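Presented below are the structures under discussion, each in the form of structure tokens.
Shared between the two complexes below is chain A, which pairs with chain B and chain C, respectively.
After this line comes the complex of A and B, so read on.
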């Protein structure tokens, strides 16, 4: 049953010509390789099961309609804060990232594109706590914004930016030459070709990259610790500076260290919500990719 | 609407093209500018610490904020710091390197194994499902890994794994000794390993999938088993990218903050003496210490953390440049060039 799809030919031959030793080695490799799959998926399954089972006792409508009070209450403030931070960060990162990706692929000479791509790749590798520290010394103290929505969102945007830029860059690179040429041959200007042909066919790639970046932003804690701070309150029309914001990942990491069962339940509930969001994002990304490849055929 | 009729109004089309060029050029400049600003700001912030600490910063194992409550100040080179303050990063560098090393040792065989399973040893449907879950693992927030590490892994190491390993493998240096709470080096390494496996798997899988089919078919024609094809054909061809994948994973492990912070035991002033000792990494220290550093009126503690951030920044940048280099080598790999010519 494990002798896999491409091996059928070889397996047929195995009975006739392949020595026992080689067959045993093949079998051993198959077992080891699937053992590693089990080793990887086991923690994931355990994580999901554990978080879900502990979160259940905190899951109620109250969770979404009351704010945190001390280490009890609900998660309304953290949920709203997370949404505000991620939306604001996404707006900033997608604007800069998509335009930057367009420039790199459509307008820049290879020599000019190189430093931008390099910077994006390097920035993607900078530890998020370093970006958080940078945000703290620049926005929170030097600009005097204090712990705030804007400082937190911009720190997140810096983390998202390289992913959006590179995804746009790659997605535009996959648009076929024929399509471009056809558009040009019809007399469209560069701008019209870009807007109506290139961006349209690169859209699913760009959306995938942006969703990936949103997933990363949702799960970040380190860049927010010293930029967004923490707050038990929230406003529908937030003040962008001078007021700290709550967010879900903060609840996970601080509340689990509290000696109260209620705090623990909130930490698990926050982790549960984050995992569900990541799961949903992954499903959506899959659908976008699948739909795109079907369209391409 | 003007774009559809541009052939009649070429000038307007040109202007609009130029507008796109300028707008996107400005946006593109943001990325290198941000990177440069981060480096410059951190360097400026770190400068007072560089001058005050000198080389001691790199060799000392002591991290002590000194007397923050009105003690006299120690002035060196015209820069003041609290009495008794000492800033050395050796403990944090050691913790970072050791925990990342454990993560790499654990994650590399498993990560590559999963990639091989996905590309060579599984029916397509199953591969899609497993890929989905591996990518899901990559998306799990690091605090959730931390939560799992803290509530599941740490007690398990403290009660079962640690004492067990200590008893059986205790004769090997670093494996013996008390496991205590379970918070420490081993827990950090394992959590990091779980976090970087998806990266190693995803990149290796893509590289293995790109190995030219013709090459594999030729292997099959010679009567090689699937395992021999993987060992002698696929893996050697994909090797540069697999190495790139490992280094990419290393970069992530070196900079990971929250998960490590939750399971490391946050050691200060002591180097790990066995696998179960509490540690701190550079990233986790920045996160853990900034709060108390802010209370230092001379600001030296914040500057010292900036120096730590600069060093961490430079290490991860180097690691990432290394990946770029290796991946470029892959793109020029003779086997792939050969394959491209063959298929054209």
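After this line comes the complex of A and C, so read on.
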């Protein structure tokens, strides 16, 4: 608290030590800060409550054990498809993004780094439907993969890539020069310093960026409409091309337009599952990271 | 005494140096020259940081480098283990000899050099890992993997740094949980663990409180029996307390170098006298 607490006994006089104007400004600032918090949290809470209440009638074990049939059934195919798409996309985007971020920060000359950073920032701003359409033109038709897991996952990976790359770049940049010096002074090579100290220190920043990207990928619809298609079926070991995949956001996007209460409930259930998935992912991964950085091997 | 016990991780060292006869400890002034600087110039781009530095740093004692901010004392220290190499536009002229080898010559590998010439920095720099892993960092880098060996090196390094009794039950805890003074002693232990010959310290106590400072100073004097110590300090009382020789640097030039007593009581140069009596700096 900024406002000084007046000393016991001399309370009356000490209070006059802080001008009325300052106290008013302090109070105003505190109120504004709390108001901002409320403005952010209330819509989130409202949305969560609304989605949950509508999803309730569809929430049953059946949701996880049956696939969609028309606009009814469960969400098994969509859940599995979403996981397959996002896992594959994450593997691709995190591999490329982390390596790219390391290169930009550690090895590239300023002249080489600038266009890469610029490209990443521009890519992050490209509307996802454009990336979806680009994926459709290149992978679905030109390469002839059809609506497929691989086309969908790569489209998602393109969307995730700039977030992972820039997060890696910035997280490495935030590691203090002193740590780097300390490692170098112990006779570590640049590669050893990078692997054992820099990446370790930057890990939580990199993971935060990757989680943000995974969250975005989980919630994407537009690029998948053009690349993954939709399917009522799923396979544990799917073919990467030529078979369309189902995913949760498709259910949200299309089922909500159907004139059936059961379809609506499924759409809300899909949204509910997505929210829970993002939440769980954040909690679990963060916990693992904290343990990994603080404890010894 | 890690120096005698630790046979591992030393294979990189020049055998000629290992076989040199140990100097008797009770003859403090029989020290040989560890570093010899001869007309050494350092440039960062166009900036002329160090100008014609010529001095000899004796082994097995504490040598202090003093001078006002920006006089080049840290740069001088960092020249000794080539920590300036990453500065863009860095260029040197003249010579720095470390036990007769030209530090900036073709035959010297900076990575090996830094193993033999350790460094402790102004602010404690614990790595984001456990206390044990911090100390084991250097030995692991240099190929020591056997658990029992690591345990021994970590314990003896922490003992030498006067930290063992504090941390022996919390070796698995993150190093960042230690206090500032303890972190700095951990950094010293980490440096000792790679078994260097020289320890460079760049204002090692300027971020510490007085009692932590005293502990570090006592530690340095104990370590000087076995290691060559060079300390850069802002604090002239500290230089007077811990060092046997003192170098006074001003604007990149070595103004005066000699026994600490003489530098503080009867310096030859007027500028040294002005600085140590607090007229500027």
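We adopt the following convention: the second predicted complex is superposed on the first by the 235 of 297 C-alpha atoms of A that agree within 3 Å, B and C clash if a C-alpha of one lies under 4 Å from a C-alpha of the other, contacts with A are read in each partner's own complex, and residues count from 1 in each chain.
The criterion applied here is as follows: a residue touches a chain if its C-beta (ideal position, glycine included) is under 8 Å from a C-beta of that chain, and two chains touch if they have at least 3 such contacts.
Quick caveat, the model's predicted, so the values are computed rather than measured.
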In the overlay, answer first, second, both or neither for which of chain B and chain C A:200 touches.
-> second
In the superposed arrangement, which partner chain does A:34 touch: chain B (first), chain C (second), both, or neither?
-> first
Regarding the shared-chain residue A:155, is it in contact with chain B (first), chain C (second), both, or neither?
-> neither
In the overlay, answer first, second, both or neither for which of chain B and chain C A:178 touches.
-> second
Applying the touch criterion given at the start, work out whether A:86 contacts chain B, chain C, both or neither, answering first, second, both or neither.
-> neither
With the two structures laid over each other on chain A, which partner does A:192 touch: chain B (first), chain C (second), both, or neither?
-> both
By residue count, is chain A touched more by chain B or by chain C?
-> B
Which residues form the common part of the chain A surface touched by chain B and by chain C?
-> 187-189, 192, 196
Of all residues in chain A, those that touch chain C in their complex | 176, 178-179, 181-189, 192, 196-197, 200-201, 293-297
Which of the residues in chain B come into contact with chain A in the complex?
-> 3-4, 6-7, 10, 13-14, 16-17, 19-21, 23-32, 34-35, 37-38, 41-42, 45, 109-111, 113-114, 116-117, 120-124, 130, 132-137, 139-148, 150-152, 194, 197-198, 201, 216, 220, 223-228, 230-231, 251, 254-258, 261-262, 283-284, 286-287, 290, 302, 305-306, 309, 312-313, 316-317, 319-321, 324
Flag every residue of chain C that touches chain A in the complex, lowest number first.
-> 81, 83, 86, 111-112, 114-115, 118-119, 121, 123, 125, 127-130, 132-133, 137-138, 141-142, 172, 174, 187, 190-191, 194
Within their complex, state which residues of chain A touch chain B.
-> 2, 4-7, 9-10, 13-14, 17-18, 22-23, 25-26, 29-30, 32-37, 39-41, 43-44, 46-47, 50-51, 95-97, 99-104, 106-108, 115-116, 118-134, 136-138, 158, 161-162, 165, 187-192, 194-196, 215-216, 218-222, 225-226, 249, 252-253, 256, 267-268, 271, 274-275, 278-279, 281-282, 286
